[in-house]
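You will see two complexes here that share subunit A, one where it goes with subunit B and one where it goes with subunit C.
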Partner chain A sequence: MIKQVPDAEEIFIDPVKFTLNRASARGIINPADENALELALQIKDKTGMELVVITMGPPQAETALIECMGRGADRGILITDRVFAAADTYATSLTLAAAVKKIGDFNLVVAGESTTDSGTGHVGPGVAQFLDIDQVTYVTSAYVDKENVHCERDLEDAVEVVETPMPVLLTVLMNSNIPRHSTLRKKIDAIRKGIEKWDHDTLNLPPDWVGLKGSPTIVGALRIPQERKREGKLITLDDIPEMVKELYEKGVIGKEEEL
Partner chain B sequence: MSEFDAIVVGAGPAGSSAAIRMANKKLNVLLVERADPPGSKNVSGGILWGNALAEIIPEWEKDIPLERLITHKGTTFLTKDSSISIDFRSTKFLENHSGYSVLRARMDNALANSARKAGAMVVTGVTVDRVAKEEGKVVGVEQDGEIITSDAVILAEGANPRVAIDSGLRKPIGDQDVAIGVKQIIRLPENTINERFNLKGSEGFAGEYVLSYLEGEAEAGGFLYTNKDTISIGAVISSSKLREDGQTHSYDIMESFVQHPHIAPLLEGGKLEEYSAHLVCEGGIDSVPRIYGDGYLIAGDAAGFSFSNGLMIQGMNYAITSGIAAADTVIEAKERGNFSSDSLASYERKLEDSYVLKDLKNFRNIDKVTWSRVTHRAIPKIAENLLYSMYHETGRPKKHLMQMILESSRDSGMSKSQLILESYRMMRRM
Partner chain C sequence: MTELINCVAPDDLSQYKNVMVYLEHREGHLVRGSVEMLGMASKLASKVKEKVVGVALGSDLEPVAQDATQYGCDIFLGAESKDLSDFRSVSYSRIISEYILKEKPNILLVSGTREGRDLVSRIAILTKTGVAADCVELDIQENDRLLVAWRPSFGDKTIDQILCKRHRPQTITSRPGSYPLPEKDTEHKCDVKITKVTLPKEETAHRVLMKKEKTKLDLTSKKIIVSGGLGLGGKDGFKLIGELASVLGGEVGASRPVVDLGWIPYEHQVGQTGQTVRPKLYIAAGISGKIQHIVGMKNSEIIVSINTDPSAEIVKYSDYFINSDLYKAIPRIIESVKTIVPEAGKTAQKSA
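What follows is the complex of A and B.
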């Protein structure tokens, strides 16, 4: 599962609707999803499993799927319909889980841990819940051995090694591997093969389970932090005592017992 | 049987124009571009001169994202203290369009989309390694160890033509072939730009500068173009003079240009949006490689097709015209079923009949004007001395013009006879 996200340098927050304005930004594959794809491709290389990439998004997300197929994925499925728009993480997870079920028998679902445009980390675990399968989060590497998958999880102060039977869902941390490039041969083949488009009729979910209607999340308020003026000053070695004094007086630094 | 009739490497103006032309004639075309989306990796001066696109996109002024119609042109010598300009603005340009400022990230993407709509397959985000050869003939391209076959390959990969070089189709780029371009895009409100440059609506300004305040051996030209709500400003720096100098860095030159007392006020309060650098074709006709051979053609900057005489810097129109000529050559070769060097030789004849090779041949020695001590140091110094003594009231008796000119040339570092000879040469070369 991947998501096309706006290039973080080109987005801004709509001051009225409190949503991200993605219209003008270039679409890229969410960075953690690139690592999830790479991990899935490594498993496919070793096991020969079929790799299907799914995403939910506007029609432009097609380019992200073609890129994934250019790197080695076998199929690309775009879940796209106006009624799916403005879905929160609950409705998104539910819709994606329905799509995974429709694909048929599967061993592994691999997703990025979180996205750069919302950063909730909800969707991977949400899909696992709706599919009623186990999940391993914060994965940095994995391999499949018969019926089991062996994962390493990054717990910041420790690495946890997990072995668990499939089917299972993994969420993969950003920067946990180096994503491969797409190749010309595979991209030509991907463009010729094309992606599959699934809409509301394909998934056949009740209308009030999806999109904005199916989303219980309410954004209560949004605050944009004020930019703080920073003062720049060039000092030499001789100025250090004066600088420490000034910082102390301004309350930037204090005595140890005061801190 | 080849997989494609033609593979075009590079979706800039040359490559996309070639792909559009061939796809319009129902050829089976693959256009490969390393940037995703097309245009996001290039750096360009940013004025599209002429009407070259009309041949493939009749409504190009509507269909291609353009910034401003150039109605105001400036050529300026910048010394440490002074700015001496030839300033030309004309309402004639409103009816007879001469050029538009463009942002290539938008324009190139639109051109590649036009190629896709015309029926070409466009693959982005992939870098071709080299052409594939069989018995000396180009038979396609190679990428990641796989060969994609085609009857013809058009290399339109820009000023740093790695595929052509790595495939042995042209010699590596040297100091004499290229300059270094450094560029910033600075965001300012549309009305601020209009006020500062005295422009109305979507009229635009295009200025070229001689940065004669530079010290040592370094020589550089500057450019400043207005877009809708950004300004493109950059320096084009002679790489051979930079090497001779050994002390100055290209980024210092760029910085000194934007901070020059007569430039900085134009940019004040603007937000730096992009900073980029690229090679710029500057070698003229002597840098043009062999532009065709068995199964391949080279177009645009990759072939060294660009023109600069200090007053105008042009490249995109040469790219578009050469891309279309390359496409027409491939279309004819397909009708003949012959993609040999002999069959593709008409490409060079087409360019010889057009302004592309005529300009390059007519201005063979223009680099001796654009990169010279006379242009970069002596003339600006004389002009500054002369104009300052004309406009500066000292309370002393005034002098005759000829007397002032002679006095002004005294500290230019050149003798009178040298100046007369060099001026004569310059007039001939330009």
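What follows is the complex of A and C.
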């Protein structure tokens, strides 16, 4: 499962050359989803499993699917329909789970840990629940061994190695591997083969179950963040002792119990 | 069995009462995020004269219940099994959902840790409700007990109000570090109910073969943080940052690009994809002040920034702005601290 997200003017670090590039593309594959795809491709390389890439999004998300097929995915499915717009986690997970069910027999569903456009990492586990399957989140590497999958996952304070029977959903940690490039030949093949397009009818989902209507949470109001006003007092090198003194007298630094 | 079905709303919302908190713990102690959530739960519950209900899972919950009690938990519900000492998404979310369906809380608060995020949307789907994630402000309306949650929008340009009007429990997550820690109250009383449970065999097929603790640096509990960014120009710059941090008795932080470049480990990263901190003093050296960094440190009490660029965005978030090369400014700060502050460097020497 991949999503196209707006490029957040991010500085990208080239993981091979360790140099900085400012990427300029308008829609990019969500960074963690690139790592999810790479992990899925590695599993496909070893096991020969078929790899299907799905995305729910506007028609232009097709380019992201072509890119994924250019890297080695076998099929690309674009889940697109006006009624899917403005879905929250519940409705998004429902729609994606319906698509996975329609694809049918599967061993693994691989998602990114979270999306950069206000994403929260909730969609992957939501899909797993709808499919009634186990999940392993924040995965850094995985391999398939007979009917089980072995994963290493990263937590705030520990690293875990987990074994669980398939089918299972994995969410993959951002930057956990180096995504391969697409090849022009595979991309041309992908364009020839075409992207499948599914709407709510294809998925047998009533329009009021999905998108805004199917979402339990609503955005009530907007407000401009009330930032605390800060003085931004300009300090020269010669003012530094004075500033340090002020901080000390205010008890910001140096008081024994704080140290 | 979960059906592929829409989020059907209950008919009668009045039967939903109390504020439930999912209690995440390590070695008998609540994690910081769960303590923050208990503090928030007490505030919300007292406003509408309801109770705080804590839910915890694990193999030895007695100490967890004690910890929760001190932080304002009124009812503690625990499910205990040796099989629950390992984290298992399926079992955890199922058991928590069973508690929810039985207790019918009006509100559910889950700290947005990796464990919390892993569980919360499974729980929401099992209990047919919505989740407002990464909230920074919560309030409850006294008349209809509707939770008014606020979360930053994409890019942080606005703060959006998120409501879950027709579904229960009204469920939210917040990043750890979003709220201050509540005071401990050793007199607080709590009704502790711990039940032994057995997991169905198919759920134990998920096995944790190995768990290796990481030396995790908890920036959220630090009083002073000195962070370096790309303006350092190279990995060696962190020596100077480290020196300033140690005379101040503080810890080293960093922006994301310097972490990605391998100048310093990830555990030092502050910001949207790092830790959210609120120290008494935050010093940002060679950091431009992009919003993804700002969201992780803007609640610090005092912010000092050092930047050669007088128009850097960080200026408007600073109490003091030192418009200078950090390699000139930091040695001057170190020198001043050493002469002005008698306690300078003491802790650093103790722990070194």
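The rule is short, and it goes like this: the second predicted complex is superposed on the first by the 206 of 259 C-alpha atoms of A that agree within 3 Å, B and C clash if a C-alpha of one lies under 4 Å from a C-alpha of the other, contacts with A are read in each partner's own complex, and residues count from 1 in each chain.
Everything below uses one rule, namely that a contact is a pair of C-beta atoms (placed from the backbone, for glycine too) under 8 Å apart; a residue touches a chain by one contact, two chains touch by 3 or more.
All figures in this text were calculated on a predicted structure; none of them were measured in a lab.
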item	value
First (subunit B), second (subunit C), both or neither touched by A:Ile191	first
Touching partner for A:Val161 - first (subunit B), second (subunit C), both, neither	second
Touching partner for A:Lys101 - first (subunit B), second (subunit C), both, neither	second
Which partner reaches more residues of subunit A (counting touched residues only), subunit B or subunit C	C
Partner chain in contact with A:Ile178 - subunit B first, subunit C second, else both or neither	neither
Footprint of subunit B on subunit A - complex, ascending	26, 67, 70, 181-185, 187-188, 191
Parts of subunit A lying in touch with subunit C, wherever the complex brings them together	8, 11, 13, 18, 20, 88-91, 93-94, 97-98, 101, 114, 117-118, 120-123, 125-126, 128-132, 134-138, 150, 155-165, 174-175, 206, 208-210, 214-225, 227-228, 230-237, 240-241, 243-245, 247-248, 250, 252-256, 258-259
For the subunit C and subunit A complex, residues of the former touching the latter	1-2, 4-7, 9, 26, 87, 89-90, 93, 112-115, 117-122, 124-126, 128-134, 148, 150, 152-167, 173, 205-214, 216, 223-224, 248-249, 257, 260-262, 273, 280-281, 292, 298, 301-304, 315-324, 328-329, 332-333, 336-337, 339-344, 346-347
List of subunit B residues in touch with subunit A within their complex	30, 32, 36-37, 40, 121, 123, 125-126, 128, 141, 143-144, 146, 148
